[in-house]
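When the chains are written out, they are named A, B, C and D in that same order, and each has its own residue count from 1.
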Amino acid sequence: MKSLEIKGLNIDFKKRNSFISVVQGLDLDILESEIVGIAGESGSGKTVSTLALADLLPEGNSRISYKSYKIKSNNVDRKQIPYFRGRLISYIFQDPIPSLDPMFTIRYQLKEILKVGSRKEVDDKMIDKLLLDVGLKDRERVLSSYPHQLSGGMAQRVAIAFALGSNSKILVADEPTTALDAHIKKGILDLLKKIRDQRGLSIFFISHDLEQTFYIADRVYIFYAGSVVEYAKSSVIKEKPLHPYTRALLDCIPKRGVDELKQIRGKSPDFGDLPKGCLFYPRCTFAMDICQKKRPPLIEVKKGHFLRCFKEKI
Amino acid sequence: MLIYILKRFLIALPLILVISLVAFLFINLTPGNFFNQMRLNPQISEETIEKYIELYQLDKPVLMQYFAWLKRIIHLDFGYSFAYNIPVAKVLGTRVLNTLLLTLSSLFFTWLVALPLGIVAAVKVDRAWDRLISFLSYVLLSIPTFFMAFLLLYFAYLAGILPLGGMVSANFTELSLFFKILDLFKHLIIPTLVISLGAIASLVRIMRGNLLEVLRSNYILALRARGISEKRVTYVHALRSAINPLITIFGYQISGLLSGAALTEIICNWPGLGSLMLSAVRSQDIYLVMGSMLVSSVMLIGGNLIADILLGFADPRIRVK
Amino acid sequence: MKELFRHRRGLIAVIILFFLYLGAIFAGFISPYHYRSEKRILSYAPPSKINFFDSKGDFHFRPFIYKYKMSLDQNRRRVYEEDKSRAYPIELFIRGDNYKLLGLFPADIHLFGVAAEAKLYLFGADSRGRDLLSRIIYGGRVSLSIGLIAVVITFFIGLIVGGTAGYFGGKIDNILMRLCEMVMLVPGFYLLLALRSSFPPEIGTVKIYFLIITILSFIGWASLARVIRGIVLGLREKEYILAARSVGLSSFKIITKHILPNTSSYTIIALTLSIPSYILGESALSLLGLGIQDPVPSWGNLLKDAMAIVQIKLHPWILIPGLFIFLAVVAFNMLGDALRDIYDPKRKII
Amino acid sequence: MKFLVLLLILFTSCANGEKSLEVERGNTRYGGYLAFASVSDPKSFNPVLAKETSTTSITGLIFEGLTRVNVYTKEAEPNLAKSWQIKRGGKEWVFYLREDVKWNDGVPFSADDVVFTFNSLIYNSKIPSSASDVLKVDGEPFKVEKIDDYSVRFTLSSNYAPFLMAMGTDILPKHILADVVKADKFNSFWTLDSTPSGIVGTGPFKLSRYIPGQLVELVRNEHYWKKDKDGNSLPYLKGVRFLVVPNSDTALLKFLDSEIDYYSLRGEDYAILKPEEKSKGFKIYEVGPAFGSSFITFNQNNSINPKTQETYIDKRKLEWFRDRRFREAVSYALDRSSIIDIVLNGFGYPQSGPLSPSSGYFYNSNIEEHGYDLDRAKELLSDIGFSDIDSDGILEDKSGEDVSFNLFTNAENNVRVKIAELIKEDLINVGIKVNFLPLEFNNLVTKLSSSYDWEAIILGFTGGIEPHFSSNIWLSSGHLHIWYPKQERPATSWEAEIDKLFKDGVQALGRKKRKSIYDSWQEIASRELPLIYTAIPESIFAVRDKFGNLDPNPYGGVFHNIEEIYIINKEE
């Protein structure tokens, strides 16, 4: 059963007194206890689209619109969204320590979150269970310390505990491991897998690191300049990527044995003046003139494998 | 914590001594002494003035006078005021209380008004309230305080309801306690307004700036994303961080309590330390000036100490290493 | 700089300050009279009435004024009537009192004025019949330049001391903060009184005042240093400082390159706020007779004459200098806000 | 010190009376308060140590002297002494005291108090009292002996014309102060922190309350000896209040708001107060020229400064200032009518001599007046040899240096600052450049009395009716002979002549004789112009019209008969 589905998501940002479109016609969905990877270069609209799901963009200078938005198959009323935050959708961010309030102890912030999640009084038993679920053993030290006293890894585990505390159904993990040391990364990824299995959580895993995405995600969306160019099962994307941009991305991953890394020439387009045709056209090695004139639609070339490109076979 | 405070006061002692010496020299730098005023009165002869000078040992070299004064200070004898020829402590006594009363009331009024206004301006940023508040703060910051005092007094006269300066009305002693407080309160209104309006304007701007900066930080977005209500995010979390720099400013304001506003006190005819000091300094009533200088130095060092302690206490990042 | 013009308040501030400083620099040319020229018979003459229609009712393209006739009413109050016998047109680039343009070139052309026999008082006259508008324009020269030198000195020392104390913390911070306290304790007012009497009067009241303010600014930096230290203490924990330190940058570079720019928002506001405090400070000192002395005008000593119920009630135009102080201070405050909005690194949209 | 008090009343303004109805002994005149505004706190309640007017205005109502000045005749009249006899040609005086006088604590007043006041207080070397200078004749104190309980003999070493006037000095209670003096504590006795009832005097009022920086309140002295014509005891008023109001504008507002009853006008206040006379219920009195003097003077001190072995100021300038024609030229160049119109708003008189016209008998009305005459001034300056060689509008002297000098005055007195500004413009018209800088009063006085490093100063003296009391100024040896103070021998012939005049003046007993002496003094002063007088203000004051027996007088001011003043309509 789909825990979240959004169709035709558009996001525009105000620059001086005109609006520029950052995300155009995005369709996104996720099943219960599924991990969906969202990969792409930074600035391709990954973070912005997920923040839009919970209306977390600054109201003053942003505009969000969509054809349909369903959570647990019932339509979402925009005024209800603030109520969803934490209870249905929750977030963890790239820099764990600055995402915690420096002025309050972890115990205070944890209690506050638990109140958001459930009506009844918060007791120590619930706190202990939560900390164990996220693999934090030294209970007393963590609870009594301030954010700046925690290590990056511990802080991220606390952030995850917060998400579980408000027993949300969908977790958006925005580059959760990027700021952490190598040996801590794997721990966090395994933790995400564990809570997905135990609690049937749907997790959006946003990252620019494809290797980590393939390791954790069931399905992967490839983002480019504000729209999806390809999405399919992660194994399919890993072995048989169809879109030129996805293949170029894969070539950038350093593999043992291959010593020379390829680079994608040019840079992603400026949101101010997006080209008419396919957005990847200027950097695409298989570019045809049709790519320049029309923008390719997203079509299901194989079962469960969607592609936005005019080339039949690659 | 106690040793920290003791250490600070131990360091402060030599500091105050050095400053008192510097001040003593400055006062004596300007030529002449207190008794010059009498030299122009035709009926006062030279010998009489000389007698006064011997009486207060003004003829001795400056350093000798300073150490004599210092010796007396050690056993808390602040010396005599030439003008009032009673102990300096007595002259200062009531004046210090009056100035403290005025500055504390304006401090209270300033914070009572400035904090909410600053918060409203930040929360409703760039909307009607914010624009009105920042326009008002521009206006209040730009009027010289002594001119504001003057205008308020003039309006009080036109309105006829508020007393025109002074601290108590003539029949004060006959009033019952309640009416005494009411009378004192009515007299307090104008001088407090004068001192506070300027302070409110700058405090509102700082509060607004701090709160805006904190509202833009990462953890505010994270808190909202975790489902904390907008009210709690703003008034508990954001405000808690935004208050920190203000606490230090509050500490420093304590040290300024005694400097008060001499000009406001003169125009509003408030019998405080400011107006007394202005005439004492110009007439070189040395021991009176030194007495008040000592008191305000202690207040200043105390204020700074409180500010540092408050800062440490307020911000866990500094307190807990 | 161009963002400053797009910032609404910044634009208003720049326009106001541009005209004020323009007036101050070309005071001689722009003001109709020299600040010293007086006509004692016209003491406290009201602002001249600008007419376009003469007594017979025909329209004159060039506006004109009439001469004043002064008489005393029974309460010894000066009453000024217009002597309609002859009209004096207001002319542009008219010859008048001589002055030194920019203090160098002697000249006597004025932007506007009337023939010598009549006196044009756009803002009225002061107690000695001197034109208030001209004195306000000349007054700008002093009042608008007072703060500049002192602010530079105060800021230079304040930033360095505040930055080092905040960045290094521990013993150095303690010593520097006690130094701050000591400097704050130095009784500025006594120093002012002592200094005032030690300068020879021949060098003129304006130079004496500037010297005193410059000397006082050497003990004026303490409050700024203390607040900068407070901010830097907070900044020190930030990652990019740790990162810069880890890369091995010298602490001096870290302070000047990374820390101090980050205090820029507070510094900019404090800088623009402290210039007007010198303007207001001068007016307070003038009230005590310690500021700039007549006949040289400053907005402070012009405002001092207005500090009397009698003057406000009988000759309200005497308050206009107060308006100019207000305008200058508001302009500096708005400029401060605009600069902070533009140069504050954290203010960028996501 | 009586006349000083009356003089002082000219310069203070006062507060409104109490509204409560007060009827005593069936006579509705009793009751009510008279409220003054005082520029500053009193500095003590001890008349012997009193130095400033803010103190003497209060002690003057608590204490009295043997004689007091009759404000109409301006001569001494009986007070605590009911009569006196002159013997041995003025060297011996016997005073017969009133027997019905009591101190305000009920203790009877007697000759012991008089003898004690003089011998143990005024002439006590350990007590620095300003009164003692006036009560000596060429340095010798008077010999004061008690004849019986109600008569005292004064023996003088030589004649002392102003003796009777000087006998107005306050008499203090022996029964309170005797042991205080023995314990050598008098110098810090009756200070601001002493209990009000402890201040014991014979005057109409006694101290009742003092709130620092706020208010001094005096109430009726029940034991006061003076009675009105129907035998009722005086004073009528229930009390007098002095409100401390340093800012004159606030005082004006308080007067308009009827919080104070008396306001001494500055020239510019007239246009505001006159129209409100009817509506706010007060009356404005113009009683003629004020006392005292206001002048510009040049430094003529050509003695050698021991430290630098040269004269105190630039030799060239000294030569100009000592030349009478230079001083006369400056006097002609002064536009005194502008000073009166602009600084005093039309309420003032040009002054050309040391005494004010209001000082009565000794004022010499036909002394030489220096009108405003630029040509005469320029003529005199060219006679001295000044000419504008480099035609820059400023004259140069023989050695080619610009004719310019530094002018000081005290910064706090803005009337003098305004006068200085006008003089600076006036002298430019005759080619003399003036560098004007207002200084702190103390600094100014140090230059005048010890460092002598000044060129020109604008100053003023308080005046009185008795010329001898300004001997400190006019005797060449006087410390207030400011243009060249404390000379061993008179430097010029005219100063020698003035010395002789003042020596004769103090000895001569006949008023006519003294009149001719002091007339010629005033002639020399206005001819030689050591002090170039400018203008003195008209004394104008406004009083609430709720007082009976009010009789304003140029010398006595409004409340010289304060004990007879009563409040008419107390109900309003």
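Just so we're on the same page, a contact is a pair of C-beta atoms (placed from the backbone, for glycine too) under 8 Å apart; a residue touches a chain by one contact, two chains touch by 3 or more.
These figures come from a predicted structure and were not determined experimentally.
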| item | value |
| --- | --- |
| Chain closest to the assembly centre - both centres taken as Cα means | B |
| Per Cα centroids, the chain farthest from chain C | A |
| Length of the line joining the C-alpha centres of chain A and chain B, rounded to whole Å | 55 |
| Distance from the mean Cα position of chain D to that of chain C, given in whole angstrom | 43 |
| Centre-to-centre distance between chain C and chain B (centres being mean Cα positions), rounded to whole Å | 26 |
| Centre-to-centre distance between chain D and chain A (centres being mean Cα positions), rounded to whole Å | 92 |
| Chain A, residues touching no fewer than two other chains | 148 |
| Contacts with two or more other chains, residues of chain B listed in rising order | 30-31, 150, 154, 282, 315, 317 |
| Touching two or more other chains - residues of chain D | 249, 253, 412, 440, 443 |
| Chain B-touching residues of chain C, taken from the complex the two chains share | 174, 177-178, 181-182, 184-187, 189-191, 193-194, 197-198, 223, 226-227, 230-231, 233-234, 237, 265, 269, 273, 276, 280, 283-284, 287-288, 303, 307, 309, 312, 322, 325-327, 329-330, 333-334, 337, 340, 346-347 |
| Of all residues in chain B, those that touch chain A in their complex | 126, 217-219, 221-228, 230, 232, 237, 240-241, 315-317, 320 |
| Interface residues, chain D side, partner chain C - complex | 249, 252-253, 266, 268-272, 274-275, 335, 338, 341-342, 345-347, 406, 408, 411-412, 414, 417-418, 421-422, 424-425, 435-440, 443 |
| Chain B contact footprint on chain D (complex, rising order) | 15, 18, 33, 35, 40-41, 43-44, 49, 51-52, 128-130, 132-134, 187-188, 191-193, 209, 211-215, 217, 241, 243-247, 249-250, 253-254, 256-257, 259, 412, 440-443, 445-449, 451, 459, 461-462, 469-473, 479-480 |
| Chain A - residues contacting chain B, complex | 51, 54, 56, 60, 82, 84-87, 90-91, 93, 95, 98-104, 112-113, 116, 146, 148-149, 159, 162-163, 166, 168 |
